[in-house]
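Going by the order they are written in, the chains are A, B, C, D and E; count residues from 1 in each one.
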Amino acid sequence: MIRADIRSKSFGPLQVLKNIRFEVKQGECLAILGPSGVGKSTLLRLVAGIDKGFEGSIQRPERIAFVFQEPTLLPWRSAIDNLLLVHEGLSREAAQAMLVRTGIADKADVYPGQMSLGQQRRLALARAFVGQPELLILDEPFVSLDDTTADQMLDLTADLLRDVRPAALLVTHDKREADRLATRMLQLSGKPASLGPVPQTFSGGRAYQSGRK
Amino acid sequence: ETTVRAAVLKTGTVNWELDTIQRAGLDKANGFELTLQPYADNGATRVALEGGQADVMVADWLWVAVQRAAGKDYVFLPYSTAVGAIVVPKDSPAKSLSDLKGKKIGIAGGPLDKSWLILRAYAKKEYGMDLAGETEQVYGAPPLIFKSALDGETDAAINFWHFLAKMKAAGMRELVSVGTASVALGLDPDIPLLGYVFKESYLADHPDVLKGFYQASRGAKELLASDDSAWEALRPMMNAKTDAEFTQLKTDYLAGVPKAGPVNEDGAATFFKLMADYGGEKLVGDTGALPAGLFAKVE
Amino acid sequence: MQSQSARFLSLFCLIGLWIAASAARGDPSVLPSPVNLLEPFWRELTQGPLLYHLGRTTGRVVLSFLLAMAAGTALGLVMGTRPALDKWFDPWLVVFLNLPALVLIVLCYLWIGLNETAAIAAVVLNKIPNVAALVREGARALSPDLKAMATVYRMRPSTYLRHVVLPQMGPVLTGAARSGIAVIWKIVLVVEFLGRSNGIGFQIHLYFQLFDVPMVLVYSFSFIALMLLVEALMLQPAERRATAWRRA
Amino acid sequence: MQSQSARFLSLFCLIGLWIAASAARGDPSVLPSPVNLLEPFWRELTQGPLLYHLGRTTGRVVLSFLLAMAAGTALGLVMGTRPALDKWFDPWLVVFLNLPALVLIVLCYLWIGLNETAAIAAVVLNKIPNVAALVREGARALSPDLKAMATVYRMRPSTYLRHVVLPQMGPVLTGAARSGIAVIWKIVLVVEFLGRSNGIGFQIHLYFQLFDVPMVLVYSFSFIALMLLVEALMLQPAERRATAWRRA
Amino acid sequence: MIRADIRSKSFGPLQVLKNIRFEVKQGECLAILGPSGVGKSTLLRLVAGIDKGFEGSIQRPERIAFVFQEPTLLPWRSAIDNLLLVHEGLSREAAQAMLVRTGIADKADVYPGQMSLGQQRRLALARAFVGQPELLILDEPFVSLDDTTADQMLDLTADLLRDVRPAALLVTHDKREADRLATRMLQLSGKPASLGPVPQTFSGGRAYQSGRK
């Protein structure tokens, strides 16, 4: 379970986040929506404890899994080693099983550079799912995937949320993804950005009308 | 039985004498056992003595005097009077030092080389010439000076004596020998320039070594002066390519054997003062006077 | 393998050039032809002390290399990742980086004594700042994204070092290792001629004083030949393995 | 600036350590205290030839550094990016990398003559393989993605080199430059004592022959002081500017 | 105008593409759809001339713009320099104007590392659009963008296609994007992959039913 109380986060003179307070309980999934550049990734990095330069306090559990906005793999280690090295004590069988579930079983022994970007993203998902995280953070995890694959990944995530019951934070631009996974949704907006409820104008309908997704 | 560890330059001529001592058993006969620690550089032998890894080494007495003046308890036991000379190519028109005006002189051992300083004093006295100011000097490692002189890159050269022997054997001509120059300057040519260096503290702990070592050294010198077969035994380590080189080396070596007996200390003091005039403080330290007790008391 | 044959061909060309240069110069005492070196080389190898001296030198090179690489890498990593410490140690690094080998060697001999410890210490002290300076640059360029990933997933420090840091430092480390061995061997030579009674450096200086250029070359090239072997049989295969991912 | 004051403090600590060590040793002829060096330093600086020799040495270091960095970088880039050429030149690199400085210097003096050209050539030839070996590693690690981008957008080769290649080579190049100057100055010292009639190396050797450790240190540290200045006033600001993007 | 005739493209033993033949005329935009890992990016790299190791032949014009699947910026140069250095002769005003149109005008002088991923992607778009390409290649250009921003980028692309009339190739997982921009659509499928018409099951409807986009 996490409890975040961020009074302010700035990059030099540029204040990005302001007065953000929220809690996510075990088994809950909080979706965060918001325009590009508003500060979503920054918020996730604060929550994960990667960036410690902010005012405020954050409580977080020990075991965290993070799907970064970019795959962030070890290019010099094979796909399966990317799972095994990060998760100490993980068996090769379990790792292979997760590669099967993410649909990249045939890539177990190649380097990330030999995989397509979508395959790399799935490897990053596999890396997050194969542990038993108490906190799961997903930064736009399903982009670059075709619809069928994206559906499989969504199912996989839903399974994990149901079985392992981590507290989860999901950043997405896709309201449908949020609908499917999240127990709550918040909108990050403003300059500096703070959290609020999702406005009606930003509901699914608009996306369809605009001719996009 | 005391062991005396000698730090020597592996290519140095001192090995000829030390080897003869060992070969003829002169060390055992005089109550010590000689072991050799060969090094590739003079600096190493100095570090070895200073650091206590060796008991004796070879150096020139001016250097020892400076070290002693600076507080080191070094004492000096004569080994050789051999000094350098300045040589010119066979067909060089130069007849005396004054003909070298405006020419290039290659000098091994740097601007404080003893032969060079004596020759400067000599040029001043004989020709009123400032040798350093009126010629161009090229300093370099002895082999490089050797080579560039043979190639005619320099018009004259001053080198360590075993290279001089080779240069002469290769046809170069001695312009002035440092011995001649010393005599002209009123210096005692018998003052040994090179010698064995011990530490007083070591000699105090091993009171018999000095005498024994001196006897052994003299014994070896006598053997070399009288017995040609002793030389034949040394030939492999002498690195002489031709018979001419071998003979030249032998002759020059024997010419450098100092007289037995104590060193002429007054002569040495005069010498020291002359060096001070030309080499300056760099060479002789800030005392300017020959430190007492430098020459080991033998006999 | 094709790459090996290219190596041989290229070496032959080099030797060819040398033969031509030596013929053009026509003075074997200064630029002997490699052909003329074969016989003295063989003599030194079979009857002479070449193997003994080569062994001593190699021993010193290997030991100093391992010590200097280990210490230099550790120092460089710390300095490259901790700006606060870097500020502190940087002037020290500059001082030791620029302390002449000769001076450091002489001082080591004077302070520690004319023994093997001093010799190794002199070489290692000479080389550490070099490795550290290089590794520090590499450490400064470490990917912050991978570090974030490792932090989040609580990777063990040893795993992080081995599987995240080291591969990123690859270019700098192989560069440092390769030029490192070369520099170390050069310093070992100086160390040997200034205060050891054996080793290639001792022999080279000896023959230099005797103005025996062919023998100087024989001893120099015996170590170079060894390095060519090490390069072809160890360094290159190791490097190929370490950088396989880049070519895949 | 705070960073500058840290530098000074750290230097003072180093000097403090030295004073303590010298007091513990108690033999100023072997380990003189820095305080005792001030007076001879000042004398050499104002009345002695220190500035002259420092000037000569610095001139040689700068010239050789520029030549070696330029040639080594070019060679390393070519070898790192063209595997075919790399195979060819690699053995040559290993040979020249491991040719002892002493040997190369002596050979240069013998072949070119006992003059300045030979001196510079010896240093440059000594250093080029070093730089090349490092730069080659950096060039091998160049990002293929950025290269693809530059190819597609038809970037001019000079722009590509300056704005895409050089920044990626940053760590390797600054590392090579920093350890490069140090190595070059060390080689210059040897070059000077083997066959030049001026320069810090000549002086150090002179005083070494006289076993005058304080003067050896005075001359060594005069160059080190110069390097500390260069480091603080040129290298570090340049590096800070070049790596600003990383800290932003 | 491009004419591609790819008989085969393999990575080592793995054949990825086979018998792909197509033409795109000036002013045309060909959308390529296909599952993750099928070989879309590989195909684009062949067309652009980045990867020359294949059997077949490709004719392409000289001036190409490529929006890679990842931003591929120069991290050590400011945003605006990333445009100016790549396009020789581009005026600072024109570059700044393009930054305005892509909505990252306030980021002109910061490094890519100081921008959010969506902002970096827009910078990559700006870099492609600011030239006058004869061939425009887009590899999933609009992911990681919120709907409003994505719409703006779609409009911008449509403008460019209309004004500059390059031959264009668009890879996307999003049928709506393809509908909006493309004059033709092809589906890459199979192992090794080849091009075919878009099957009915892969039309917009399915995406809506699956709960995604």
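We adopt the following convention: a residue touches a chain if its C-beta (ideal position, glycine included) is under 8 Å from a C-beta of that chain, and two chains touch if they have at least 3 such contacts.
Nothing here was measured: the structure is a model prediction, and the numbers come from that model.
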{"item": "Common touching chains of subunit D and subunit A", "value": "C, E"}
{"item": "Topological distance between subunit B and subunit E, in contact steps", "value": "2"}
{"item": "Centroid spacing, where centroids are CA-atom means, of subunit A and subunit B in whole angstrom", "value": "83"}
{"item": "For subunit B paired with subunit C, centre-to-centre distance based on mean C-alpha positions, whole Å", "value": "38"}
{"item": "Length of the line joining the C-alpha centres of subunit C and subunit D, rounded to whole Å", "value": "16"}
{"item": "Geometric centre distance via CA averages, subunit E-subunit C, whole Å", "value": "48"}
{"item": "Residue list for subunit C, restricted to those that touch at least two other chains", "value": "30, 106, 110, 170, 193, 201, 205, 208, 246"}
{"item": "Junction residues of subunit B, two or more chains touched", "value": "43, 50, 141, 143, 147"}
{"item": "Residue numbers of subunit E (touch at least two other chains)", "value": "70, 114"}
{"item": "Contact pairs between chains, per stated definition", "value": "A-C, A-E, B-C, B-D, C-D, D-E"}
{"item": "Subunit C - residues contacting subunit B, complex", "value": "30, 106, 109-110, 113-115, 192-197, 201-203, 205-206, 208-212"}
{"item": "Subunit D-facing residues of subunit E, complex", "value": "45, 48-50, 62-66, 68, 70, 72, 74-77, 81, 85-88, 110-111, 113-114, 127, 131"}
{"item": "Touch list for subunit E against partner subunit A, complex", "value": "11, 33-42, 69-70, 104, 114-119, 122, 140, 143-151, 154, 173-174, 176-177, 179-180, 206-207, 210-213"}
{"item": "Touching residues on subunit D, where the partner in the complex is subunit C", "value": "3, 6-7, 9-11, 14, 25, 30-31, 87-92, 94-95, 97-103, 106-107, 110-111, 129-130, 133-134, 136-138, 140-141, 170-172, 174-176, 178-179, 181-183, 185-186, 189-190, 193, 201, 204-205, 208, 213, 216-217, 220, 223-224, 227-228, 231, 243, 246"}
{"item": "Residues of subunit B that touch subunit C when the two form their complex", "value": "9-11, 37-41, 43-44, 47-48, 50-54, 141-143, 146-147, 239"}
